[in-house]
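Each of the next two complexes has subunit A plus one more chain, namely subunit B in the first and subunit C in the second.
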Partner chain A sequence: MPVETWLTFVLGIMIIGSVVALELKDILSAIIAIGIVGLGVSVAFLFLQAPDLAIVQFLFEIFAIIILIKAFIKKDYHVETPSRINLYLSGITVIILVVIFIFSIPIFKSLPVFGEPLMTTSQYYLDNGAAETGAANLVSSIILDYRAYDTLGEVTVLFTAILGALTVLRIKSRTKMEKR
Partner chain B sequence: MKSHDGMTLIVKTVTRLSVWLIILYGLYIILHGHLTPGGGFGGGVVIALAFLNVLLAFGHKFTGEWLKIPLLEKLESGSTLLFMLVGLLGIFYAGSFLANYIIKGSLYHLFSAGTIPLLNIIIGVKVAMSLFLVVWVMAAFKIEEEEEQ
Partner chain C sequence: MTIYLMCFILFLVGFYGVITKRDLVKIILSLAIMGYSTNLFLIIFAYRTGAHYPILEKGTSVTAMVDPLPQALVLTSIVIELGITALLVALAVRLYGKYKTFDITKIRRLLG
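After this line comes the complex of A and B, so read on.
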């Protein structure tokens, strides 16, 4: 079977998983259903022959599920009662989405064919990457040599996020300590 | 038994046996990042998950004694600084920021590809420490809330 068929199959399972996650009443089951989406993305990367991305996506998905379970389990949630306004609002949302989809059909037609990118940069990397950087893994040579600035930005984002989390959570505990 | 005191004996025994294998696998992914799929991000998450495994199985108190948390915090911020340092050294040796200035070596060898393995190790340490510390701080925050109640 061609790759596109498998990708459509994986996408269908992901859509079913997210719908199930929305409809389930139990919070633990809903979190596990969300996990289907992330693992589906990981499988899709494997079908597209991108094992680097598949590994990172798979591991981060497990990490995210652990954090979600630790953060959201054993808590009280208000149950939304079905009301008339919500029904109208969801109807309007569906109509707007359908209109956007209809107007974007011409753009889909102008996209390049699947598997044939317009960029010539990637062909340059494929031809000269191994010789210029000495790394057998081309992805590694791109993110740490040709595009090392991007990686520096990612490291900075990670650093700032962790700094923010540490600061916010510790300020609260410190004020509690002072009260005692 | 409180919820943050760890899990049963079965989970603890399995964790004691498997955690070093998981850490070894993470180190393998980081060190071979320039040869096989993977790299600093993937390997760092594997190591963070190994630490997280210990935290979930043995509880907060044991993990705090096993891992030196202040050291992890210093490693976490120090690795960002090291990344910048490697980049700045590129200005002196090759003329541009983050240039690949170490000898490339031959293809498919472990010691090859210049600064790429070095940056992979730095990113691996960074990702492992920061992801673990977030969960650690969240767990500590939760325990304090429970103690108040």
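After this line comes the complex of A and C, so read on.
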């Protein structure tokens, strides 16, 4: 089967999984349904010839599920009571999103066809990457040599985010201090 | 074309969740869906028909390889997404400890 068929199949499963994840009331089921979407992205990366990305996405998905379950599973979970106004608002939102979708179809038509990328800068990297950097994996030659400052910025952002998370989790809230 | 549109539908599902849901956990999950669809769209954009992964081996030629540049940039983006998810989860847990609820319509007081 061609790649397009497989991708359509995987994307259909991912759309169903995301809708299920948003509409379920139970929190554990919603997080596991998000796992369907993330692992579907990993499979799609394999079909699109990106093995490095598939491995990283798989690890990311497992870590994300572990973090979400560990953080949210012991909280007593409230059940949303859908009021009538909320139902109306959801209907209006769906209609507006459908209109946005219809009007954005010409934008996607103007993009290059699937299977024929632009390859302007990338052709230089493909031609000279092995000779200039000595790396057999051209993705890592781009990450670690041509665009090394990007990677440095990424590490900075990741460090800042984790530092922020640790800081937010460590400080004691004022109510707890007053109780003492 | 169909694949682009399906990817955009996935993005819109996440956008719908961010707009309409009142639950912090559901909003975090919707943001994760939007991130997945964006990454996937960039990689779909980089695919070349009949090409193989951009790793040099014996007997492979550079003329039949997929675009390596979006792959390198998306690799960065995936890792950043994990950090952002962790930060959002930490903020949500703190808010739960303060207000005992995840409902954003009930989180109203702006005291420290």
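One rule holds in what follows: the second predicted complex is superposed on the first by the 171 of 180 C-alpha atoms of A that agree within 3 Å, B and C clash if a C-alpha of one lies under 4 Å from a C-alpha of the other, contacts with A are read in each partner's own complex, and residues count from 1 in each chain.
Everything that follows uses one rule, which is that a residue touches a chain if its C-beta (ideal position, glycine included) is under 8 Å from a C-beta of that chain, and two chains touch if they have at least 3 such contacts.
Because the structure is predicted, anything quoted here is derived from the model rather than measured.
When the two structures are aligned on the shared chain, A:I142 is found in touch with subunit C, with no touch to subunit B. By the touch criterion defined above, A:G134 reaches subunit B but does not reach subunit C.
By the touch criterion defined above, A:L22 reaches subunit C but does not reach subunit B. Contacts of A:I62 after superposition: subunit B is touched, whereas subunit C is not reached.
Of the two partner chains, subunit B is the only one that A:T156 touches; subunit C does not reach it. Judged by the number of subunit A residues each one touches, C leads among subunit B and subunit C.
The interface of subunit A with subunit B overlaps its interface with subunit C at residues 51-52, 56, 60, 63, 67, 71, 130, 136-137, 139, 143, 151, 158, 161-162, 165-166, 169, 173.
Residue ranges on subunit B touching subunit A, taken from their complex, read 29, 33-39, 41-42, 45-46, 48-49, 52, 56, 76-77, 80, 83-84, 87, 97-98, 100, 104-108, 112-116, 119-120, 123, 126-127, 130-131, 133-135, 137-142, 144, 148. By the touch rule above, subunit A contacts subunit C in their complex via residues 3-4, 7-8, 11-12, 14-15, 18-19, 21-22, 27, 30-31, 34, 37-38, 41, 44-45, 48-53, 56-57, 60, 63-64, 67-68, 71-72, 75, 77-78, 80, 86, 89-90, 93-94, 97, 100-101, 104-105, 108-109, 111-119, 121-122, 125-127, 129-130, 136-139, 142-143, 147, 150-151, 154, 157-158, 160-162, 164-166, 168-169, 173-175.
On subunit A, the positions that touch subunit B within their shared complex are 51-52, 54-56, 59-60, 62-63, 66-67, 70-71, 130, 133-137, 139-141, 143-145, 148-149, 151-152, 155-156, 158-159, 161-162, 165-166, 169-170, 172-173, 176.
Across the complex, subunit A is touched by residues 1-10, 12-17, 19-23, 25-26, 28-30, 32-33, 36, 39-40, 43-49, 51-57, 62, 65-69, 71-76, 78-87, 89-94, 96-98, 101-103, 111-112 of subunit C.
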